[in-house]
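Common to both upcoming complexes is chain A, partnered first by chain B, then by chain C.
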Partner chain A sequence: MMAIRVLSMVFTLLVTVVVWPSTAVGQSVHSTIQRVQQRTVKVFGAGGIKRLHSYSTGFVVSSAGHVATVWSHVLDTEELTVVLSDGRKIRAKVLGAEPQLDLAVLELKAEDLELPAWDLEADSSDAGPGTRVLGFSNMFRVATGDEMVSVLHGVVAAKAPLATRSGAFETSYEGTAYIVDAVTNNPGAGGGVLTTRGGRLLGMIGKELRNAASNTWVNYAVPISELKQPIQQIIAGKYRARQRGADEKDAVARFRPLEFGIVLVPDVLFRTPAFIDRVQPGSAAATAGLQPDDLVLFVNGDLVQSCRVLKQRLGRLDAGGKLKLTVRRGDKLVPVELPVPDKPLTPASGQPKTKPPGGSK
Partner chain B sequence: MRFLERDGCPGCRWWPAAIVLLAVAVLPRTTRAVDPAVLAAEAKRIAVASRLASSVVAIFSRGGQGGGSGVLISSDGYALTNFHVTRGAGTFMKCGLNDGRLYDAVIVGIDPTGDVALVKLLGRDDFPHAQLGDSDKLKVGDWTFAMGNPFLLATDFQPTVTYGIVSGLHRYQYPAGTILEYTDCIQVDTSINPGNSGGPLFSAGGHLVGINGRGSFEKRGRVNSGAGYAISINQIKLFMDHLRSGRVVDHATLGATVVTREDGAVVVDGILDESEAFRRGLREGDEIISFAGRPLRSVNQFKNILGIYPKGWKLPLVFRRDQVRTEVVLRLRALHRASELTGQPRASRTRPGKPRPGQPPGRPKRRPRRGRRPPPAKPPEKYKHLFVKKTGFANFYFNLQEQKRVMSGVTRLGDFGSAVGAWVLAGKTAAGDAFQLTLADAGVGLSWKQKAYFQELKSAEPLDEPKGSGGFLYAMQMWKTFLANRAKGFGEFYYLGSEPLDGSGDRVDVMISELGNVRCRWYLDRKQGRLLGFDSQREEDTDECEVRLTGDVESGGRHWPKAIVVRSGGQPVATFGVATVTIRKGATE
Partner chain C sequence: MRAARMLEFRTGRVALWLLVCLVTGPAVAQDRPVVDLETREEQAFKEASAVVAPAVVRIQTVGGLDRVGRVLTGTAATTGVVVSPDGYVISSAFNFVSRPASVLVTLSDGRRFPAKIVANDRAKMVTLLKIEAAGLAVPKMAPRDGFRVGQWAIAMGRTYESPLPNLSVGIISALNRIWGRAVQTDAKISPANYGGPLVDIQGRVIGVLVPLSQRQAGRTAGVEWYDSGIGFAIPMADILATLPRLKGGEDLLPGLMGITLKAGDVYASAAVIDRVRFNSPAEKAGLQPGDVIASVDGQAIKRLVQVRHALGNKYAGETITVLVKRGEKSVEQKIALTGKLEPYTPTFLGLLPVRKKQGETTEGVTVRGILPESPASKAMILPGDRVVQLDDKAVADAAGLFDAISRRRVGDEVKVHVDREGAKRTLTAKLAVVPSAVPVVLESDVIVAPNPKPADLPKTGRFNQDLEGHDHSFWAYVPESYNPAHGYGLVVWIHPGSDTMEADIHDLWKPICDERGLILVGPRAKNIAGWSLNEAGFIEALVQEMQQKYRIDSQRIVLHSYSDGCRFSFHLAFKYRSLFRGVAASSEPLKVAPPENRPDLRLQFFLSCGDKDNLHRLVQRTRVRLAAMKFPVVLTTVPGEGHSYPPIPVLEAIARWIDMLDRI
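Up next, the complex of A and B:
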C-alpha cells in the first residue's frame, strides 16, 4: 500500500511538473513582456561620431526615478536624456557609477514620477544554464518615443566568469556573467535587462564584446546579484561615486613600469600597444637589455595587448619575485628577466573595493 | 504472513518492484523529453512547418547568379517577394518549389518604396499557397517562423526554417540609401539572413503575416544579429490590387511634415500650399490628433501610418488649432515623381563598404554549388505573350487582364456607343429645383435654378462650371466618354487597383482615365461591376468634382443612374434626380 502511495505521489508530482509550467508560461509571457517593457527606458547621450552609438538602455530601479544603466561613453555628457516607456523625455544626471561593474545609476530630473520600477529584492532571481530567458533593450535605436524596446528570446548558455583568455578581448567587467545564446549585446543594448520568461530580473545586458582574434561576439549580462548592492548604495548616497578612470587609480598598483626603469609610450588610445619609449640608464630594465621601441607582448607568460594591461599586470606582481617579459624587437621575440624589488606594500590609495572583480586572475 | 515475518517489514517485498516501476516511470520520460506539452508543441511546429514549406518559393535571377525567397498566395501562382529580389532578376525568372521542380515566373507588379513585388508562377493552376493572416493581431513575444532560402543553401528548394519571437511591432526603418523604406514593420529575432529576402514570416499558427526583407547589421557583417524586419501583410493587402494591376506603384505623402513637440504632441511644421491638406485648412503649427483613425503620439507613428497606404487613398485626419477640432478627409499625394520610380535600376551589386543599419539582406551572390543550376531566364517562348512593356508599368499585360475584368461590368450597363447624339438628362434636384443637363458633341449645357451654364468642348479649357463644383459640366462629358468610348476616348486608360470608396466605404475597383490635363478616377463595384461614381480633376492640385451615381433606371436598353450626387472640396453641390433621359440624334445643343 505504501509503495502504491509512493508511486502515485511520484506520478502526481511528475504530472504536475509536466503540465503546469507550460500553460502558465504560455499565458504569462505577453504580460511579462509588457511589465518589463514598462520598466525599461531608452537613454540618449554622447556619441554619434565614428561608430560610437549615442544611445543605450536603462531599467527603472526606483519609482522616484532612478535608472540603472551600463557605464559607457554615452553618459559622458551634460545633455543626458531618458525616454520612458510612455514616451516622456526627461533629463537625467549620473548619480553614481561603479566602472568595474560597468554600472551607472542615473537620477531623473523630475518630481512626483511614481514610475513602475523593479524591486531589486523581490523581483530578482538567479538562473543556471538552460534557463529560458528574454532580453530587453533599445538595440539599434529601433524604438523611439513611446515605442516599446525590443525583446529577444534565448537560453542561458553558461554562468561563468567573463574574464577570459588573456588578450582575447578587454572588458572592464571581469566577474561572473550570464552568457546567452541570443544576440542580446547589440549597439545600444547595454543597460537592458535579462529576465526569465516569468519576468524575474536576472541581469543587466553588458556592452558589445568582440573577440578580436576570432571576430566573434559574446552576448552576456551582469548578474543582478552583483549589481543590487551598489545600486541601492548609490541611491542611498552611501556609495562613493567614482569618476571615470578611478578604477585604475584604485586598482592594486604595487609596481609601476618606472620602478623597473621602463618608460612606456603615452597611453592615448583605448588600447595603446605597450611600446617602450625610453629605458632609464642603470635601471633593471637597462641591465636586462630592454631597448626603446621594444613592444612588450607577454608578462609572465600572459599576453598583454595594451599599456593599460601591462600596468595592471605589473601592479599585481608579488614583491621579491621574477618578472619575465617577452618583447618584440624588429621581427624577433626576445625574452628578458628582471628581478622584482623587495619593498613593503604601499597602503591602498583608498578603501578596499566593495566587490573584488571576479578574482579569476 | 510468513513472508511478512521473514522480510520483517510489511510491504518491503514490493520495493524492488517499486524501484523498477519508478525507473520505468522516470527514465524514459527523462531520456525522451519529459514534458508532453513540449512534445506536443514540437509536433505542432513540425506539422505547421512541413505544411507551409510547399508554399515557399526559391527565386533565382537571370542566370541563377543571385536570388532570394518568396511565398505563393494563390492557386493560380501569384507570389509575393521583395522588390530588391526581383530588381535584378528581369521580367522572367525561375522559381523553385519544394517539390524539387523549377517553374517559370513572370513579374506582375512592383512597389519599389515598400520593397514588395508580385510575381506569377506559371504552368499550374493548383499551386500550394499560404493563407494571409492579420498582422495587426500579432503581439510582441508571439512565435514566428521565417522560411526561405538563406545563403542560397537549398539546391533542392527545400526551404530553411528559422523560429523566433516578435521583438517589436509598428517599427519604422529609415530608407537605406535608396527610396526603399520600411514602415509599420514587424521586428523579429527569428533569424533573417541574406537570401531570406522576400520570404514569408508565418505566425505560429501558420498564417502569412509578413514578408522578410531587412535586418539591422552594423558591424557584425551581413548575418543575423537579432533584429530582422518583415513588411506587414496588412500593408501588402492594401497594395495587393495595385500590384495585380501590373503597375509600378507608389506610396504617399500628405504634403505636410510634422515634428514632435516637447510635450509629445505631433504638430505640422511645414505644408505645401498646393496640397489638399492646405486647401482643407491645415496650417503650420496645427496639432494632428489622429490620422487614418489612429491617434498620433510620435513622428515615427505618423510615418508608419502614411507608409502603409498607396498614393491616392483618402484618409481621415483630425487636427486641432486653438482648441478647435477639425475633421477632414484627404487624398494622399504621390511620394515620388514617376521618373524616380521607373528610373532604370542600377546594376544591383551588393553595396560596397560598410553595411548600414537596417539594410536589406539582399541577394547573396554565391551560386548554388551543385545540383540544378537554373538556365538563363530568356523569356520562355510559350510565355512570351505574358509580358507587355509600357512606361510606368512593371508588366502592362496584367493591367489589360484586369481592365477586361473590371470593364465587363460596364458592358452590362448597355450599349452606350450606339447612343449617338446629345444625351439629355432632366429632372429635379433634391432641393426641388428643375434641371436639364445636355451632353452634346459641341458642348455641355446645364439649366438649373433659372441659370444656364455652358462648357464648350471643341476648343475651350475645362471650366469650373458651375463655380465651386470642381467642373461638373466637364466631368459629365468624361462620363459620357467613359460609357460610350471607353479606353478609345482617352489618352491614357488603365486599371489602378482597389481602394475604399471615399476613404471609408467598401473596397471598389478603380480605373483611371486621362485626357489632356483632366484625370478621372472611376469607381466600380467589385461584385457586379456597377459604376458607382467618379472623381474628375481638371488639373493637378485643384479640388475634384466628385460624382456619385445611385439607383438604376432602364431606358432604351441602357441602365442610367437615378440620382447624380455631386460634391467638391468637401462640400455638397447638388443631388440631381434623373426623371427622363433622351438621346437626340444629330443635335448639337
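Up next, the complex of A and C:
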C-alpha cells in the first residue's frame, strides 16, 4: 500500500516536471512555490515508535512566530521543535488547539522573528472541482535542514463533506473538505498547505485518512475558511474550544424500529438489508401504509445500507419530529412519513428501553 | 421535490452557459487580458466535466457481502454513466461484486430510481443497469481512432455528497492495454470513480473507468492499483458495440478457443500451437499441435502476443477465422468461440490388460480381467479375449488402446474387435465415466521369482541408500521374489513432517508389495521437519533412478502420503504430470487449485480420511474439487478414526487401486 502511494507520489512529481516546462508560466508557478515554501515549516516532536512518525508540517500565520499545524500525537511533548524554511531550529509550544478541526497553533519561543507569514484575510481563497492546486508538506521527512518542503500538484477532485453521518471516516473533522487528486496526505504531510497555482491559500492538509466506506485512502485538506477564525482567536488568546457532541451519549438509542411498529428481518449478516418483516397492526407504520417485504432505503434522506444502520439512525431521531422513510416496494420507491413520538416511550421511572405499543416483546 | 426541480433547472442553466462559453470561447478570449495556458486549461477541465456531468450518476448499493476474496468491498457511493435516454446506465462490475440486494441510481438532478442489473460483460468488467426513466442526457462519445497518448483525460465520479462530480485530471498514458481492451490513464482511478467516465477536453466520453489487471482475471483484479497513476478505461465505442447484447440480458464472456501456444518470448516467437484442448472449439475445428497461427480475422500474426491482442475483444459466441500454416500447407478454419472450456472427462471401458513380459511381442491386447458392471462387461468381452482392433484402427498394444479410448467421449459407442480362441468377434461397448469406487476383490497378477536367479539382479529386500548427485538419502523395499521379466508398480512414500514412519510403513506395506508386485521407495526430506518444494527435483531423480535399476510399469507410478506430507505429494503430482499416474493421500485436503485434466496425462486420486478427523470435511471438499475437474477420485472414509494413518483394509484398497491404474 505504502509502496503504491510512494510510487504515485513519484509519478506526481514527474508529471509536475513534464507539465510545466514553459518559462513564462513556469515563472509564476515558480514564484508561487518560493513564496509558499518560505511560509511553510517542519515540525518535529513526539513519535518514532510503533511506526508513528515524529514529524509533521506547519504554516506561519503571524510574523511574530505563530504556526498553524495539524493536531496530532507529534505535539504531545515538551520537546517541540520547528525548523523554518531557512533552516533555523526554534523551540515551540502549543498555544491552543481545536481538536474538532484537527487544528493546533504553536508559538515559537524566540524574539523579533519578523517571519514571512500568511495573511489569512488577504491570501485565502476558495476553489471548486478541476481547479489546479499545489500541496506543500514535510511528507516522509524528505526535506532536511534548510531544504524546502516538497511540492505536489493536482486538481481539486471535490469539495464535499468528509464525514458522512454514517461515520465513514475515522476523523474528528466533520465539515466540508477539499478532496485532492494528488497523494497529498502522507506521513508527516499533515499541517501542510494546499494553494492555488497563484499562491492563494486554500486549506491545511489533514492527516492520513482511510475512507471506511470505500476502503481507500483519501487526500484532503481542511478549508482555510473553517480555520481562519479559530487561528486568529487562539493567537489573540480568546478562543474557547467547541463543545463536543454534548448530547451524543443519550442520543444513541432513543427510538427503535418497534416503536414505529416495524419488525425488521433478523439481522444475521454484517449487511443485512433493512427489509420489513412484519408491520404491527394499528401502529404508525401500519397507518403510513408500510408493508412486509418493503426495503427501507432512506431515513430522512440518508441511505441506510443495513438493518444495523437503520437502527442507528432511528436511535438518533429527535422526539416529536417527522420520520421520513423511502422504501423500495417491488420496482418502485415509495416515500412515507411517520410521526416521531413526543418522547421516547420510556416509563416514568426513566429506564432507557421501553415496550413497544401492542404489547408484544 | 421543488429542490430537485430547482437543481435540475440550475444544472441546465449552467450547462447551457458553459456551452455558450465553449462555442464563443475563442472570440471572447482575444478580448481578455493575457491569460496563461494553464488557467485556460483549468477552465477547459471544468467545462468538459460540466458538459458530461448530467450523464454521470451516483450509484448506491444496499446489502451484500462485505468481503470478496481478500478485498474488503466498500459501501460508499459509486458512479455510472448514462448510455441511452431510456434509462440504461453502464458502470464498473467492481461496484457490484458484493452482490447487493438493491441498487439505487441518483441522477444529476437529484431524482432517485431503483435499478435492475441487466447484464455483465465479464471480459471488460462492466455492468449494465436499467432504471425506469426517460429523456436522460447521454454524453457524446469520443471516437476511438482519435485517442492519442498524451492527450488530456479527466476522470469523473459521483462519490461525494456534492452537487458537482469529483474530478481527477491526467493524460492518456497508453492505448490498447490489457490485450486491446482498455485505454490507460494516469488520472487517479479508484473506487471513488470506478464506473465513471474518462472524458476528453472537449467533454466527450473516452471510456468507462474500471479496475483491470493484465495478470489476473476476476472481479476485483486490478483494485490494488488504485490511485497509483495506472488506471484503465474501457473505450465507450466498444461498450456501445456490445450494448444491444447486454440490453438483451446476455452476460458476455471472454471468447476461448482452447489452445495453448508453445512457450517462448511472447514478443518474438511465432504463435505455434502447443496443445489443442480436448473437446474445445479449436479441436472441433481441426487445429493441431504444431500448427502456426498466421492470421486471426485477417489480422496477420507474427508474434505470440498478437494472438492475445486479436482475441482480447472477442466474446463467446462469436466466430473467428483462423489461418494456420501446417507444414507447407495453409489451412483456414472458422472457430466458434466458447465462454467455458469443459474439462476433459476420462473414459472407461473396464478392461484389465495382460501385462506383457519382457520380450513378449503378441499383437493386440489380451484381456486379463474385466471389471464388474463396466462397459466391457456389458459388451460381453471376456478374459482371454485378444483385442485386435478398435473401430477401424488396429490395436498394437495396451498403450495404443488406452490412448485411443482416452480420446473418445463418454457415451460414445466403440466397436471392439476381439480374437476369441481364433474366432473374430465384434462387440459394441458404450464408454462410461471412471467409477469412484475400488472393487472389493481384484485378483493380483502372480509373479514368481526367477529361476535360476540371474547374477546381476539388483538389490532386493529393505535397504538404505544415498542418491548419487543429490544431498538426500532414501530407503526402499523390493520384493525378494523380484523378477525383472515383469513390470512393477512403484509407490513413492512421501513422509509427513518430523516423522519418516519408516518402520511402520515397511511392516504394513511389505506383504502388500509382495502380493501386488509393487516396489516401495521412501525418500527422506533433507530437513526432517518437513518437505520444501525445491526438493521436487530429488524425487524426480529418485524415480528415474528406480526406473533404471528396476523394471517399472510407467502406468503404475504413484505417490503415497499421509497428513502434511500430502502437500508435497500433490505438488509433485501436478509438477511431474508425465511421471506420476496417481496420488494416494491420507488425512489431508488439497490446498491448491487442481490443474486441468488431460487425456494424454492420466492422473487419478485415492483419498482417505477418518470420519472423526477434523479435516474430514475438507478432505470431502477436496474430492468434490478434483471431481469438478473430472479427475477420477476415490474417497474412503474410515469410521471411528481420527487423524491417523489408514488401517490395513484401506491400504489393501489402495493396492487394488494401484493395480487398476493400467486398466483401460
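Miscellaneous remarks
In the analysis below, the second predicted complex is superposed on the first by the 206 of 361 C-alpha atoms of A that agree within 3 Å, B and C clash if a C-alpha of one lies under 4 Å from a C-alpha of the other, contacts with A are read in each partner's own complex, and residues count from 1 in each chain.
One rule holds for everything that comes next: a contact is a pair of C-beta atoms (placed from the backbone, for glycine too) under 8 Å apart; a residue touches a chain by one contact, two chains touch by 3 or more.
On a predicted model such as this, the values are computed, not experimentally measured, just so you know.
Applying the stated contact rule after C-alpha superposition, one finds that A:G87 touches chain B and leaves chain C untouched. Between chain B and chain C, C touches the greater number of residues of chain A.
Of the two partner chains, chain B and chain C are each touched by A:W217. With both structures placed on the common chain, the touch criterion links A:N186 to chain B but leaves chain C unconnected. By the touch criterion defined above, A:A122 lies against neither chain B nor chain C after alignment on the C-alpha atoms of chain A.
Of the two partner chains placed by the overlay, only chain B lies in contact with A:A143; chain C stays clear of it. In the superposition on chain A, A:T272 makes contact with chain C only, not with chain B.
Once the two complexes are laid over each other on the shared chain, residue contacts for A:L152 go to chain B alone; chain C is not touched. Once the two complexes are overlaid on chain A, the chain A residues touched by chain B in the first and by chain C in the second are 7, 11, 22, 29, 182-183, 217.
Those residues of chain B lying in contact with chain A across their complex are 11, 14-15, 17-18, 21-22, 25-26, 29, 34-38, 41, 139-141, 164-168, 170-173, 187, 189, 216, 218-220, 224-227, 260, 262, 264, 297-301, 357-358. Taken together, the chain C residues at the contact with chain A in this complex read 36-39, 42, 45-46, 49, 60-66, 71-77, 98, 101-102, 104, 112-114, 116, 132, 154, 159-162, 164-170, 186-188, 190-192, 224-229. By the touch criterion stated above, chain A contacts chain B in their complex at residues 1-3, 6-7, 10-11, 14, 17-19, 21-23, 29-30, 32-33, 37, 51, 87-89, 134, 139-140, 142-153, 182-184, 186-187, 217.
Chain contact summary for the complex, chain A toward chain C: residues 4-5, 7-8, 11-12, 15, 20, 22, 24-25, 28-29, 128-132, 154-161, 164, 168, 179, 181-183, 197, 211, 213-217, 269-275, 295, 297, 303-306, 326, 328, 331-333.
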